[in-house]
Structures are given as C-alpha cells and as structure tokens.
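In the two assemblies presented below, chain A is common to both, partnered first by chain B and then by chain C.
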Partner chain A sequence: MDENTQIFVSESEELLEDMEQALLALEASPNDDNLINRIFRAAHTIKGSAGLFGFDDIIAFTHVVENLLDDIRNCLVPVSVDLITLLMKCKDQIVEMIENLNSEDSIEYPEKAELLALLNAFSASSSSDETPSIASVKQVVSLESDNSTGSIYHISIRLGLDTFREGFDPEIMFEQLKELGTITQIKMVQTSIPRLSEIDGENCHLGWELSLDSLKSKQEITEVLEFMDGANIKILSPDSQSKDFIKLINELPEQDSAIGKILLDIGAISPKELQSVLNKQKTQGGLTGELIIEEGLSQEKVVKSAIKTQSKVRKEKQTEREFIRVAADKLDKLVNLVGELVIGSAKITQLAKSRHDIELEESVEEMTQALEDMRETALGLRMTPVANTFNRFHRVVRDIAKSLDKKIRLKITGGDTELDKTVVEKIGDPLTHLIRNSMDHGIETPHERLLANKPEEGTITLSAFHETGSIIIEVKDDGKGLDAEKILSLAKERGLVAKDQVMKRSEIYKLIFEPGFSTAKEINNISGRGVGMDVVRRSIESLRGTVNIFSEPGQGSRIVIRLPLTLAIIDGFHVQVADESYIIPLDSMVECISLSDSQKIEANRHDHIKLRDSVLPLIPLDKNWGINKNQNTFEQARVNLVVVQFEGKKIGVLVDSLHGEVQAVIKPLGKVFDGLRGFAGFSLLGSGQVAMIMDIADLAKSVASKERERHNFTERRTRKRVSMTDILE
Partner chain B sequence: MSDETTNTKVIVIEDECTIYDVSDFKESVMHHIDNQMNIIFDLSQVSKIDASVIQLLLSSKIELEHKGLEFNLKNCSAKASEFIRSISCDEALLLAIEAPLNP
Partner chain C sequence: MSDVDLIELNDSLIDSQYLTFIITDEEFAVSIMKVKEIIEYQSLTQVPMVPKFIAGAVNLRGAVVPVINLAVKFGLEARAVNRRSCIVIMEMQLEGETVVLGILVDKVLQVVDIPESEIEPAPSFGAQIKTEFIQGMARSEDKFVIILSINQVLSINEISVVGKLQNENTSTLDAEVEKNSAK
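Showing the complex of A and B:
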C-alpha cells in the first residue's frame, strides 16, 4: 500500500469511526442537525478523497449513501431506528471496501446490492434501484452545481458618475437585462439625484432597484452587466438559492479560505463585488463578511454559513498543526532506544561512583535527570486515551441488545484516561467478552427487570481511572448478579474444585475465569462457550494485569481489571538476595524495614511477622526460588524487609540488601521461563548484571493460595477429627 | 409659453434634447424656479431625448418640490414616452406611460 493510500485508509477509518459514533448518538437525538451534518460530512469527505485516488467502487457506493444523507439533512427522510441500522451497515460496507483496497483480487460484496436497494428505497429523491456508475455520479455532481431553476434575483444598480459623458445609454443596460430574464419589479432610486440648483447635468446619479426573474446564474448575470464601467451593481441571489449556496459551502474542499473567496467560489458574489468590498475594507476597515452583508451582496445566512465553514476548517487545521501522524513502530523504536540509553546511563553512573570524581558524578547526575525526563516523554508518546477502544462498544451494545431483545444502555466514564498503546490495543477483545457476558447473563429482559422493580432499561458502565500506578478498568452492570451456588455446584460437577471444598463467595466468583467454565444453558453466538472468561483472564495477565469480580445477587456485577501504566520502562527498587539482584516495581512498594533480631527469629520460624499490631505475610525469596543464601541461619543474616502492597493487601519480601531506585527497562522472559511464576520480566543493571523484575500481583496470589491451602488443610483435619469422634461414639 | 396669471411656466422641449443641451436647459429652468414659478414640461415636440435630460427633469422636480412649487409633465411624444418607459423612469416622473397623452 503506497503512502497516499495509507493516508486515505487512516483518515477514512477515523471518519467512519466518527460516523458510527454520530449515528449512535443520532438514535437518541434524531433531530440533531449537527449529528446529521457530521455523518454527511464523513460520507462526503470519504467520497471526495476516494475520487482523488480513483477508488471507483467506494465513490459509487458512498455517493448513494450521501444522497440518502442529503435527504435526511433536508428533512425529506425521517430518522428512524431502521434507517440508522441501514446506515451502520453501510458504514461497515465502506470499512470492508477500504480494508480490501490493497487486494489484487476482484472482491465480491454480496451485501452491497441489497444495501444499495435499501438506500434507494429509503431515499426520497431516487427511484433508481441500480448501482450508479461513476459517469452518472459525475453527471449528478455536474447537475448539482448548475443553478438551472428560474429564480428571482434582486439587483441594485447605481450608474457611474461619468456614464453620460462616456456616452453610455442606460437603455442598453435594460435591453441586456431583458435578455437575461423578466424584470418583475423595478423602482428608480431618486435619493441620490441632487436638486437642480446643485446638480452638474453631465454627472450621472441614476440608479434602480429591480427584481429579475432569470434562469441564469449570478455569474452569468454579472458577466452581462460587467460592461458598465464605473457602475455599482449588486446582485443578490434569490432566497431560494441560499439553500443551494449553503449546500455548496458545505461541499467545498476543506481548505482554509477567506470568506470572500468562499463566497466567490460558490458564486454568491462576483469578483467585482468582492473587489469593491476589499477596497472598502482597506479604507474603512471591518470584517469582509460583515461588509458583504452590509453592502447587501449576499444573504446573511449564506455569509454566516461561510464563516462557520471557515471557522471549522481553521479549527481542524489548528488541530492538525497540534498533531503529527507518526508510525507506531517508530515510537516503539524510540522507546527501545531510550531503554538502551537508560541501561547505558546506569553503567556510567556506576563507573562515575567508582572513580570518586565529584565533578563527574555531578555531570552524570544531571544527565540521568535529563534522561529520566526523556524517558517519561518517550513513554508518554505511546499513551493513548482508552476512549478510542471504549467508544467502539456503543455499537456492540446496541446490536447485541437488539438481538437479545433487551434494553441496554452503555455508559462510559473516564474515556480520556490514557494507557499504553499496546495495552489499549490488546484490551479491546477481553472487554468485548466481558460486555457480551454482562449483556447475555447479567442484564435481565425488560419483563424480568420490571418484575424486580428495576427500570426496564439495564445499564452497563464502562469506566477507567488511575489508582496507585495502575489503570483500573471496570465493567459494571445492574443486572441479576452472579449465582454463587450455581457456580460452585457446576465447578464441583466439572471437577474444578473438590466436592467437599468450602469457599468464600468472592472465591466462587473467580471460578468463572477457570478454563471450560460456563453456566449458560444454551450455547449462543454472544457468549456461553465457556472459553470467553478464561481467555479474558489470560489476555489481561499477558498485559501484566489482573482481573477480579464482585457481585451482589439482584444488584449486578462489577469486573475490575487492573493494568500497568506502561509495558516498557518502570521505576523500580533494586534489592539483592545472596548474589542475585531483583527489581521491585516502585509503585507497589510501601516501605523498607531493617528487622530487629526478634523479628528475624520470627521471620525464620514462620511465614509471617507481627508488624505494628498486624500480621504481615512474608515471601522469603531465597526459599521461594531456591536461591543459595550462603548464610547458615536467618539469625546470623542481616535481613531487610520490603513491604509491598497489592489490591490493598500488604506482603513482606525478605531480602539481604537494599540498593535503591533504578529505572528498569523491562525485557520479556524467553519461552524457556514460561513456567516460572512471580516475575514480570528482567532488566539489565548498570553493571551488566541481570535483575529479575518481581511480579507483585503474582507473588500476592501465591501467598493467598498458600493461605487457602493451609486453611483448607486445617479445616479438613478438624472435620476428620470430628467424624472419627462420631465413629468412636 | 407662460401663464403669468397662474404663476406657472410651460416649458416646451423641442426636437432633440440630449446631454449637449443640459447646461442651457438647467439654466433656463433655474431661472423660472428662482422666480417662484410652477413649471409644466411639455414633451410633445420631443423627437429624441436621453437619460441626462430625464435626470434633469427629475432634479427639477426635486428642486420645485423643495421650494413648494409644482412640477408637471404634459403631452409626452411617443418617442419620449417610449424612452422614459425603457429606462423605467415613468413612475418617478409620475407619468402614465400606458396611455401617452400625445401619441
């Protein structure tokens, strides 16, 4: 695909996305002219751009769509749900045609003929059911620009002062006007004729105001009257033509033009009229548009429409100036290079320290600070608002609600929250699964909702917000909530949990993320294949994120996804256990504690210590990953404790040394480490040493899992004792 | 021709009256206006007239009305009425062009 086609594809995709959003909004506000104009403009711009590149199929199809949209704009076709559905399908069709632009094969679009037939059926202006050819489109375009309807022009004529001296006879002017059409009204203007005592009889002061019924365009009339040198002639196009002028203004190529130029291009004023206004502007000042209205050269509404178009184009140009389109891989390369710089900088810092050269250390410190800013900026380039992904779901919700015969509204909050580009791209599919599940299993039918004293329309809220170095994405519904008993019984039936296992409600809910779990009675195309939620969990985990579910029977469910802000470089804390270096993500750290002897003993004997009146579970890294600690006992070792936090739960990580903050470039672990738990990747330190980056979420899970196992073991042992007692009794 | 008793002057425009005559024409009319005369313009003898003369007639009308005197046009020849109508000055001159007084 060449560069120009890429630009066309990229711009068209944005326009089509905007078109879809506007169509969805139009369903709620069918009389909103701005929305209708937005949709029209999208179709019109795509057609225009397709014309530049010669994409004939797209031109022909969008032309028919545009015709219908024009009818809607002109209130000839009412907005209805069916109409919006048709236009959405047309949008999908254009998307498909654009996607196949690069294909060398001839692509058949089986739905296109039906869509064209429907478009024509809806259209008020077209009776043809044939696909319009490019030639016919061009013919229509040509006819559109021909003002060939009989219209009443208002013409003001003021003859020049030297008209008589130059031997010009106004009779000729009237003969010319009569050739252009019929003068339906005329009034001589006497106000500028001086009294006899003051007049120079050779000076001309004659003028007329007249109405001319003519089939000619304003330009043609202007050209005929142009021979009258020195005369001031204003031709005001008929009121009926204002609509045509406004339409022409809307169809003008979106380039920044002066008001005068816009009105000249559409034929609302003549070059001579524009020149006279510009001359007046030079001497008197003022705005062109205002002067044109003041001089009565064009209708106020036409001028205002031109001003509106000009403002819009300027605003868009301004926006264009604020943004530059950059290929994503270039950004990725930049971030990688910044990563390499970070590693290099760490080496230099270490070297500077070893030289004991204060000046060198200070310079390195300055460079490191600048590099940190650069890193923040480079990572910021990859951040995009989640709204790009969220807005897609309006259509998903609308279509699925219709197919399920339910009334469901999607509410989006925090769409401007920014997230790493890769995460935004990858989160779309899991969110689709979650929303589909909520719609299918969560939200009740309108009848069921009314019986449950709920509004007929269900609501799914999709929200995003920041929380302690992470982004939280929530999918919340006000449906019937999860059925814990049913989930547990199904999990037992499928062998996902032991038959005698006792679980908390929150733990039961998490079972729905297990592979092969589904409570749907029937498999349908929306959800219920039992793979969705498992895929969701794995997709989120692959992004170093976590997913949790909360539910209240009868009230609804809330699925909380926690994602890291970025996948590339993090602020970390360098720790050491034996000879191994580790990095703990700084945003999950709470505090570092040097343990007292008694705490060391406690930590060695148990998996927890008492910290300020609360019990802190511990993760002894040397035991966890089988590290040779080269220390005989914990009592002899100098043990530091790093307290980390995940989802409000605090955990202690036992380490030997604390080295301080580092910028860690996250490098993915190879496939050979697939089974290794508790690491998010690795990073290279300034010394060249490899440091593993701890995955605090995973470590927290392992602690929770161990606690659960211990709890279950204790419970089973207690129950066993009880039953033995029963037998003995 | 003048009617001194009624303080009205009838000015008869004869043959061709065009831009070349407007200066003299103005002087003559002004003279009568200065003498507080109502004026009747008789166009029955006109064979050719142009827009500068029509403008001067209109200017005379304005001057007369300004001075509280009367302006009248009488006996338009066919040529005169045709021209006045062609440049749409009939209404301004309060002339019933449809039925020329002196065809």
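Showing the complex of A and C:
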C-alpha cells in the first residue's frame, strides 16, 4: 500500500469511527441535525477522497449511502431504529471494502447487493440508479437562479488547508452562490498566505469576505456552503449590527493580523476610512484601534473586541496544540534509543564515580537528570487515551442487547486515562469478551429485572483509572451476579476440582478463568468464536496484567483488570547466580532472606526449605538451567534466598548475590529465542552486560512440567519430597 | 536447488567476495553480503535451557544479539576461546524478519575474491559437515575452503529449536499444570 492510500485508509477509518459514534447518538436523539450532518459529511468525505484515488467500488457504494443520508437530512426519510441499523451495516461494509483495498483480486461482497437494495428501498427518491462517477463527487447542487434583490448577507469564508488535497474546487462554491443571488462585493483575504519561501503549493490559504444579495434564507445559503469540508464559514444576516460584528470577530480563525485589517475584513469600516486612519497614524503615531475609535469610524466595543481577538490569536499561536501523525515504529525506535542512552549514562556514572572527580560527577548527574526526563517524555509518546477503544463498545453493546432482547446501557468513565498503545490495542478483544459475557450471562431480561425490583434497563460500566503504578480497567454490571453453586458443580463435572472439595466463594469465581471451563456450546452469533474466559485471562497476562472477579448475588459482578503502565520498562531486582546476572520482576518478589548456616545446608541439599514454620519449595535453577557450579561444598553454597510469588503461591529461588533494584528496559527474546520458557526477555545492565529477565510464573510452570515428565519416566516411589509439582497441585 | 540458493548464487555473481575464517582448524567462507561486522570476542551471557550450539547473547551497541557456536552446530570439536576469537555479526532474513546473529569463530582470516568458476560443487559425501550447509568448495593455496550456505546454516529451522527442545507437547502439559494449580 503506498503512502497516500495509507493516509486515505487511516483517515477513512477515523471518519467511519466518528460516523458510528454519531449514528449511536442519533438513535438517542433522532432529531439532532448536527448528528445527521456529521454522518453525511463523513460519508461525503470518504466518497470524495475515494474519488481522488479512483476506488470506484467505494465511490459507488458510498454514493448510494450518501443519497439516503441526503434524504434524511432533508427530512424526507424519518430516522428509525431499522434505518440506523442499516446505516451501521453500511458503515461496516465500507470498513470492509477499505480493509480489502490492498488485495489483488476483486472481492465479492455477498451482503453488498442486499444493502444496496435496502438503501434504495429506504430512500425517498428511489431514482438513484444513475451510475455515480468521479465527477459526481463534485456534486453540483442545482438551485433555482434568482436575480431579484433581497437582503444583503455578509459571508466570510476561510477555506481549510487541505481543501485542494481533498479535491474540492472553490470555483464551484461561487457558481452556487451566484445561483442564490448576486455577489455585490468581494474581497480576498490574504493574511494567512505564508511567505513565498514557506509556501506549499498544495495547501489552500484562500479566504474571502463577500456580500451576497439574496432572497434566500440563511439556512439555504448555509446548505450550499456546507460541503466545503474543513472550511470556516460565517454568514451574517442583513440585520447584523455591531453585536454580530463582534461575534464574527471572535469567531474568526484569523492569524495574527492588524486591527485595521480585521475590521476592514469584516466590513466594519471601509478601506477608505482605514486608509485615512493609517495616514494619520503615520503622522501622529498611536494605536490603530484607538485612532479608529477617535475618528468615530466604528463603535468602541467592536474595536475592542477586535483587539481582543488580535491578542488572543497571538497567544494561541504560542500555545496551540498540534497533532502529528507518527509511524509507531519510529516511536518505538526513539523509546529504544532513549533506553540505550539511559544504560550508557549509567555506565558513565559508574566511571565518573571511580575517577573521584567531583566536577565530572556533577555534570554527569545533570545529564542523567535530563535523560530521565527525556525517557519519561519518550515513554509518554506511546500513551493514548483508552477512550478510542472504549467508545467502540457502544456499538457492541447496542447490537448485542438487540439480539438478546435486553435493555442495556453502557456507561464509560475515565476514557481519558492513558495507556501504552500496544496495551490499548491488545485489550480490545478481551474486553469485548468480558462485556459480551456480562450482557449474555450477567444482565437479566427486562422482565426479570422488573421482578427483582431493578430498573428495566441494565447498566454496564466500563471504567479506567490509575492506581499505584498500574492502570485498572473495570467491567461492572448490575445483573444477577455469578452463580457460585452452578460454577462449582460445572467445574466438578468437568473435573477441574475434586468432587468433595469445599471452596470459598471468591475461589469459585476464579474457576471461570480456568481452561476447560467454558465449552464449545458457547459458540453463538454473539461471541462468534467461542473463546473462553481462560483466553481472556491469558491475553491479559501476556500484557503482564492480572484479572480478578468480584460478584454479589443479585447485585451484579465486577471484573477488575490490572495492567502495567508500559510494556517497555519494568522495575526489577538484579540478582546473580553463578557468573550470570538475572533480573526478577519486582512485582513478583516478596522478600529476600540471607540464609543461616543450617538453612544453607538444608536449602542446597533439598529442593525446599523450612521458612517460618511452613515449607517453601525452591526452584532448582542449577538443575534446570544446567549451571555447572559445584555447590556441594559448604563454602560454595548459595547464600541468598529470594521469595517470589505468583497466583498467590510462594516459591523460593536461591541466588549467590543480590545487587538491588534496577529499572530494566525489556528487549524481546527475538526470533531465535522465541518460545524459551521461564524468561520474559533480555535487558542490559549498567555495565553493558546482557541479563535475562525471569518470568516467575512461566518458570515455575515449566519446571513443574519438567518434573512431571521425570516422574512419569522414573516411577514415583514414596513421596517424601515436597517439590514444585506438589505445590502446584 | 532451492530458491534461497539461487538468490545467493546471484549475489555471488554480483559480488564474489568472501570472508574466510577458521573454526576448529577448518577454513570456512561466507559471502560478505551477509556480514555486518566483526567484533572481538567478549564474554557472553549464557541463556539457560537452549541447545548447546547457542553460545549465548551479546550486547551489540544496545541490541541483544544471539551468538551461535558453529563448531558445536557442525559437530566439530569446539576449541577454547583464545585472543584471536571473534564474533562475526551477520544479518539474516528469517521468516521475512531481519535478524542479527553472531557466529563464534576461532580466527578471522581475510576477504578473498573467489570467482564463480573456481567454486566446485559440494561433494555428496566425505565432507565434515552436512552437505546442505555447503554452497561449494574453493581451492585456497593447497587446501580447500568450505563456502557455507549461510542461509541454510542459520535458517529458522536450524537455529530456533528452542521451543522444540524443551518439551514436545508443551501445550498439553501446560494445560495440565494450570488445571492442577487451581486445585
């Protein structure tokens, strides 16, 4: 896909996203013209852009959609639920067509014909058989020409920067204005045209102030001008007074320009008047604005407001937030490079310290500070608000509620919470599944709800917030809650727990995340893929997150997902085993213990140790990792014990030395080491040495499965040993 | 002959230069097209639970690069690291991804020009290493240089045996462990 097509795709996706949001909102308030216009504009712009690239399929389809939207806009077709559903399907269709732009073969869309038929059926003017062409993109609205003098409108137009790129021809706009009346006065605004050296030929800097003599209503004029996407258009009615001028000034998107110019442009003073004021200014000095008031050329308040606009523009020029679209891999590269710099600076800090040079140390310290800030900023670049993902669920909830015949409202809070982009992208599917589950199993039918003294409409709350270095995402419903007994009996039936096992309620709830709990029976049109909650848990764990479930019978349930702020860096603990350095993620650590002599013997001989009256199993690293260090002698035995935990279980790891906390930049294992068990990735230490980051849960599991294999081969004799397998059982 | 080999042959037509080095007394050569740089041997970080031919990982200016011990891979008797030992950094395409890898060699010799015409096909038997690893043989003074078909030697199937080595049926065991952990 070339770069331009890429831009088209991403822009269209944004527009379609917006269209969907607008459609959902329209369902709630069917008479909102703004929403209808938003939807229309989205479709229109996509058609326009598609026209530029010659994507005929998309043009043809969008054209028909647009026809219907136009009818809706003109109140020829009433907004109904069916209509909105149809339009959403059309949106999906366009999304699919855009997604398939890349593919070589022409793809058949079985639903397209059906959708087209439906669209035409809905359309008031079912004469939309005309084959739309690229030319029709420029859609010349034919209006009755009217020459009779009516009222004078003052219209100010500032075209959008991308007007030419989007394929609009400003000339058409004038053609259409001429059809509405007579343009009695016109002036081009040149203030926003940059210097020749900075000019980009494809940018549009045009703007006009014009007077239109017309009999038409303001509404009709607005309609004609509306299709100029991205343009800023203001229309002043003939009876405009100073109040309107002020309003106009306030709304002008003008760049920094002279007061006289502003007033002249909006027609508050005439060029002649301005000229005389400027002449006076030359001889007497003083401010233009004051002079204009002095001369009584314009009302004081109008001028003041113009001055305000001027200073506001000047201020905004400095604080204006601009967005730049940046390829994700460039960001990753930057974050990586900054990570390297941090490592490099740690090395320099060490060197500086060994030189005992205060000045050097100080300047290194300064540099380190700046680097820290830089890293924070670089990591911040990858953060995006979760709202983009969350808003998608309005549609999901609407569609599923409909198919389940339930009334469900989705409430979103904390949409502006920021999360690493990778996490945001990957959290979508698990969330869909959780919401789907809540709707399917959690929320009751309206009838049941009424009987239970609850409002007919169920509520699902999707919220996000920060909590001590993590992001919490919650899916909460006010449904009937989980049925602990049913879960337990199902789990027993499937052999997940022993028949006679007694469990706490909270433990029972966790069973739904077990693999093998959900069955293939679940495959229906809502899920469509039959994934179980274990997949949800696994995908959240792959993001180094955790998931928990709370439920109150009759009150609803709450699923809490805890995610790390970023995937790029973890807080770790640097340990040494034999000659190698390893990093243990800090969040899985419980404590470090220096072993006493007697414990040393115990720990190094068996794979477990007695710690405060309970037995702590140890991961025998040497055996599993093939580290060949003779530890049988007392002097060489490992002296430090790191207690780690996962899924509530504690285990011990014996190490030689503890080097303290580090912030580790995670480097993925890469192609060659892909699939290596027990490790989350590599990291670089301050010394430049490569260290491996342990994945405690995975390590314990891989050790357990290895042991099991061993046990399967050599017959188990008397089981006196407490081993990894036992603790996991 | 596979496509990969054809491409490599074409490369060698354009550029018939080879880097020669010694591994366990044998002289080998690889096309310089694949060689990124040569670094002095530095202590490697051991990666546990991997096949022996993976010598470890090294920090190459901030990137973690796996290092392959070709002597082990070829079944030769690996020599101890000496002051001439080097890591030849290669850039490979593995499954459409650019992967940087290092190979451990006992001594780097030189860059030589070997015209296509002087390369003889690999003998079908009698060679020390697997014939599919050999692109051809070339005479250098009085002995033969083995030109390695590096795409074969460092193909994903050859080097990424990590997953295979650990557990044949990892997934089923996993499920079992997870199941048990709930009890």
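Note that in this section the second predicted complex is superposed on the first by the 370 of 729 C-alpha atoms of A that agree within 3 Å, B and C clash if a C-alpha of one lies under 4 Å from a C-alpha of the other, contacts with A are read in each partner's own complex, and residues count from 1 in each chain.
Criterion: contacts are C-beta pairs under 8 Å (C-beta built on N, C-alpha and C of every residue); 3 or more make two chains touch, one makes a residue touch a chain.
None of these values were measured; they are calculated from a predicted model.
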item	value
Partner chain(s) touched by A:Q689 [first = chain B, second = chain C, both, neither]	second
Of chain C and chain B, partner touching more chain A residues	C
First, second, both or neither for A:E171, with chain B first and chain C second	first
Partner chain in contact with A:Q190 - chain B first, chain C second, else both or neither	first
Touched partner set for A:Y109, first chain B, second chain C, both or neither	neither
Contacts of A:F53 with chain B and chain C, given as first, second, both or neither	neither
Touching partner for A:F550 - first (chain B), second (chain C), both, neither	neither
First, second, both or neither for A:L206, with chain B first and chain C second	first
Doubly contacted residues of chain A, that is, touched by chain B and again by chain C	none
Residues of chain A that touch chain C when the two form their complex	336-337, 339-340, 343, 496-498, 501, 510-511, 514-516, 579-581, 621, 624-627, 647, 649, 667, 670-678, 682, 684, 688-692, 701-702, 704-706, 708-709, 728-729
Touch list for chain B against partner chain A, complex	19, 22-23, 25-26, 29-30, 33, 50-52, 54-56, 58-60, 62-63, 66, 83, 86-89, 91-92
Touch list for chain C against partner chain A, complex	43, 45-50, 54, 57-59, 61-64, 66, 94-95, 97, 99, 101, 156, 159-160, 162-163, 166-167, 170, 173-183
Touching residues on chain A, where the partner in the complex is chain B	163-165, 169-171, 174, 183, 186-188, 190, 193-197, 199, 201-202, 204-206, 208, 210
